[in-house]
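Take a look at these structures.
The two complexes that follow have chain A in common; it is paired with chain B in the first and with chain C in the second.
Right after this comes the complex of A and B.
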């Protein structure tokens, strides 16, 4: 029985048998010749080990994320896809230009960018008190439990969550029934299929992306810092704006970027909850693929344009919000 | 006590796993025993696939193509070593497949049961391009209006005015995909499409009609609660009591009507467009002969017709339209001759027919005008 140490020298296995007298599975693995040979190579050659550690995730990202994007980029410059067998595809930038010339493209594009920025702002306002409460008011041993509780809605798919909003907000949904039953209203209020529904649905889906970074940032602020500010005469508002807020800018930047990127590409929520004037750009892109007789090149061009613009704005948000570090320790 | 895992055991296990993973390819490689099908499930009923396997020993390997886009994606993904034998595509959505060279000319001699299809559908130009048949019509669908019987008076039910007028503003939903073709009947400009001539004047006339409709939609879209895209969305809007009236194709409308007697449907008197769902055989299909056998088998089974109508909500293209249906079902899915005479069937004039690309261009803009 041999075990391999980091210097590549064989050592006796130290895995004890379990209480039921069974040999531990790890011990069995260590005795395997293939595993032992692989371990020997990896441990004896740190570069190989580093390449494996870095290479596998990089390969994963390249195959599943980068290659599809390259494929999409290629299609976005074709004049026809699928190309006819008898005449190969031509190359064009017309699909990109249409984003600037066609009302049906640039209006929802601009609307989506504005909407995503608004969602970031509202998310921040909604998530900040919750994150602060969790980080500073809840006993430490309850914080993780409550955080897990907050994530419960995200255990089900976006479609189910959007449908659950319909059940709540529909004309014969829970809120309208309650309002009418209690005599507050005499007929249903139109909660669905407007900005209220789309905005609410999007915030419901994205709020965790803001909440968790904010919680992590607030949790890191030592209580003594806040107490010192208080001792020096700072009011609650002054403490918030001059101590807490500057110290959580990293968290705000992370949350803002995440929420913005998710909001620009959100699809299910507007499909299910949007009205006649609240279409988002993801719906326009989907329409190119499904409704417009397979206009894939145009859909691909719009996807690439949205992706690039969203990244640019996210980088700008990050630059503006994240604190500038003049000195590095 | 766990036995030590020997190298031999690992090698044997790896060989077994490898064998299992390779099995689909091995099975696929055996031509003659398999047919690979791509399309909406309701047109290839499970019971028919099982019966076909029992009678012929040929296995039908079925992949669901939720939309035409995903179907073509699958075809493209397997380009070069194409795996699909039969595809189901709707009406003019056949066109990209045919234009891309993915469908072969149907070999009618291999389908003796072709004579069970009503010649009205079989000989319509909807499955043909430049006179060549690329599809076999197995079900027909069309645009309808759907409404609550308790809300819409009987006298108002068979006109597009109910769907597009002011009477039900705020309680309407429209589907952008089929709106242009419903609107050309509402505005009485359907000749621009159905008597279309592929000349600059013909194209300009059709474009003028679409521009007029675009302008009308711009001024009237406040009447709708929501644009819907899928049958499930429309049904949700009705069940949730958000709307009373809509336009939709048979796959949207018939499940509603079948579910609740308060929902009614009509082919409006101004007219509506119709289309067929077709079986097509792919170019270079790896199991071509078995594909034709399966198509012929499906056409020869009365139950296919019944199951298809029940699940897809269309109209039978068979000579015996009630085959496989109960009396109640036959009554529910029956449309009178007078109603059916209001339908104008979509067709493709030639490989460079400009109408559908033009329609798609305007459909894409409707929600934003």
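Right after this comes the complex of A and C.
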């Protein structure tokens, strides 16, 4: 054990034994000659230590988060993939241009962006009263429990959630059978494979991304502020629009950005629930990858375009909704 | 519990209709999944309502369904390995990012959190192109990488939150007692971080187990469980699918509730 006392390592070289009387494996590790030698080298060279602490996470992030996106960006400009062996690939922007010229590309693209904005709006309207109820009308110790009750479905796979929507909406699904049984209609109503199904399914999958930030924002408003507004004679509506709403703009912005980003890229729901006139852009992208390798550059270009546009619109939403910093308390 | 404690004045009547809206919302969230459970007990070849006769035969079929069992094992294996990798790199990132005066900390933080904002289909396609061009190829390795990369920010954020509440002198004491930095971290910081890591690991496993979009683009011939369910949705809606989905659903929810309670009880302490 004395060999540990060399160099800069302070004595004593042993950790106190653990309570259970057995030595902790890490304490044993420190006694190991190979480990001790390695440890001495690392400690003697701050550069090496820094490389370990900084280098490994940075390497991970760069390799798996950054390089794939750069690779996708690169391929989106190639006129052929895989590249010709002899001359190498040519560079082109035709894949991006096709977004403006091809009906089958720009129509779903615009449709998806409009759809995602509509989903943000509907989610906001649906989630706001629920969030308000949870944050201000429920005893504190029940708030989280009641919130978890509605977040339970979000742990379940998107595929199963879309499947559950089919069972609800199909011609022999729960809604149609209930309607016929109660005599409202005599024959099934077509709920599936149209905007009703895609919209409903997307809201079902994304509404919690709006609910949770709204809840957090409303919960933070001190009750005294609301009481003061009422005491000063504000009606319920006035209080809501002039006190509550301005105070939760941060939460609205977070929810809007999250919902917008998720619903532009949503794939499972439209694949299972949309019809030919309601296909979304993610389906157009995916189709490029099932045709052949030749369509990959186009698929990559569409992905880049979708992500970039979604980020831009999300940033715009954020800018419009979130209060400017200088006014924030 | 006699009633809401923090009700604002003049709002007595508002409880009822807001409460009714909440109940409607709960039904909206939970009823569709209840349909799946109901359907799994239907004694008929085809799905759909009304259900007149009931059976548990679909469950018996499911546990003898080799394709289902293979997909289940495959998904579990991927979830466990991806979570293990995600834990190592998530924790490592958290330790790095918890240094306040790190050079370009903001940039690094954004890079670590990137998978949270990139839509699933975009990151799936980017990784698909990446694994093809680097020779990794599609299959289990590609899916594991995708899931681990997705779980790193979750685990890192949870670990960072916990690290920020750790008394800084704990590690110094361990160092003074002779532990080298790594051993001090293992014996002092790791036990302190354990609740966050266990919580993060469970959520990472659930999100890997439930993931469809990444596995869909990165799988080769073996399907993961969500892919199997997805492909069977196209080949005819049989209640056997509902039975499989119900099993997945129940296990997911039980684990999720357990994780939620666990994390909350530890954080409250």
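The working rule: the second predicted complex is superposed on the first by the 257 of 329 C-alpha atoms of A that agree within 3 Å, B and C clash if a C-alpha of one lies under 4 Å from a C-alpha of the other, contacts with A are read in each partner's own complex, and residues count from 1 in each chain.
Rule of thumb we're sticking to: a residue touches a chain if its C-beta (ideal position, glycine included) is under 8 Å from a C-beta of that chain, and two chains touch if they have at least 3 such contacts.
Just so it is clear, the structure is predicted and the values come from calculations on it, not from any experiment.
Undergrad: With both structures superposed, pick whichever of chain B and chain C touches the larger number of chain A residues.
TA: Comparing touch counts on chain A for chain B and chain C gives C.
Undergrad: Contact-wise, after the overlay, does A:102 reach chain B, chain C, both or neither (first, second, both, neither)?
TA: first
Undergrad: Just to be sure I read the superposition right, which of the two partners does A:192 touch: chain B = first, chain C = second, or both, or neither?
TA: Touch status of A:192: first partner only.
Undergrad: Output check: A:30 vs chain B and chain C. Expected answer is one of first, second, both, neither. What do you get?
TA: The second partner, chain C, only.
Undergrad: Thinking of the overlay built on chain A, is A:166 touched by chain B (first), by chain C (second), by both, or by neither?
TA: both
Undergrad: Name the contact category of A:93: first (chain B only), second (chain C only), both, or neither.
TA: Neither partner.
Undergrad: Pick one for A:121: touches chain B only (first), chain C only (second), both, or neither.
TA: neither
Undergrad: If we overlay the two complexes on their shared chain A, which of chain B and chain C does A:287 touch? Say first, second, both or neither.
TA: first
Undergrad: Check whether A:275 is in contact with chain B, with chain C, with both or with neither, and answer first, second, both or neither.
TA: After superposing on A, A:275 lies in contact with chain B but is clear of chain C.
Undergrad: Once the two structures are fitted together, what part of chain A is touched by chain B and by chain C alike?
TA: 163, 166, 170, 172-173, 272, 289, 296
Undergrad: Which residues of chain A touch chain B in their complex?
TA: 21-23, 25, 28, 31-34, 82-86, 102-104, 107-108, 163, 166, 170-173, 188, 190, 192-193, 271-272, 274-277, 279, 283-284, 287-296
Undergrad: For a test of understanding, state which residues of chain C touch chain A in their complex under the given definition.
TA: Contacts found on chain C: 1, 4-11, 14-15, 18-19, 21-22, 25-26, 28-33, 35-36, 39, 47-50, 89, 92-93, 95-96, 108, 111-112, 114-115, 117-123, 125-130, 133, 145, 148-149, 152, 174-183, 186-187, 206, 209-213, 217, 225-226, 229-230, 233, 237, 241-242, 245, 248-249, 252-253, 255-257, 260, 264.
Undergrad: Could you list, by residue number, the parts of chain B that touch chain A in their complex?
TA: Going through chain B, the ones touching chain A are 1-2, 4-5, 7, 10, 67-69, 72, 76, 92-93, 95-96, 99-101, 176-177, 221-222, 224-227, 229, 233, 236, 240-242, 356-357, 359-361, 363-365, 367-369.
Undergrad: Once bound in the complex, which stretches of chain A touch chain C?
TA: 9-16, 24, 26-27, 29-30, 39, 43, 49, 53-54, 56-58, 60-62, 64-69, 71-72, 75, 126, 129-130, 132-134, 136-140, 142, 144, 146, 148-150, 152-153, 155-161, 163-168, 170, 172-174, 176-177, 181, 204, 223, 226-227, 230-231, 236, 261-262, 264-268, 272, 282, 285-286, 289, 296, 299-300, 303, 306-307, 310-311
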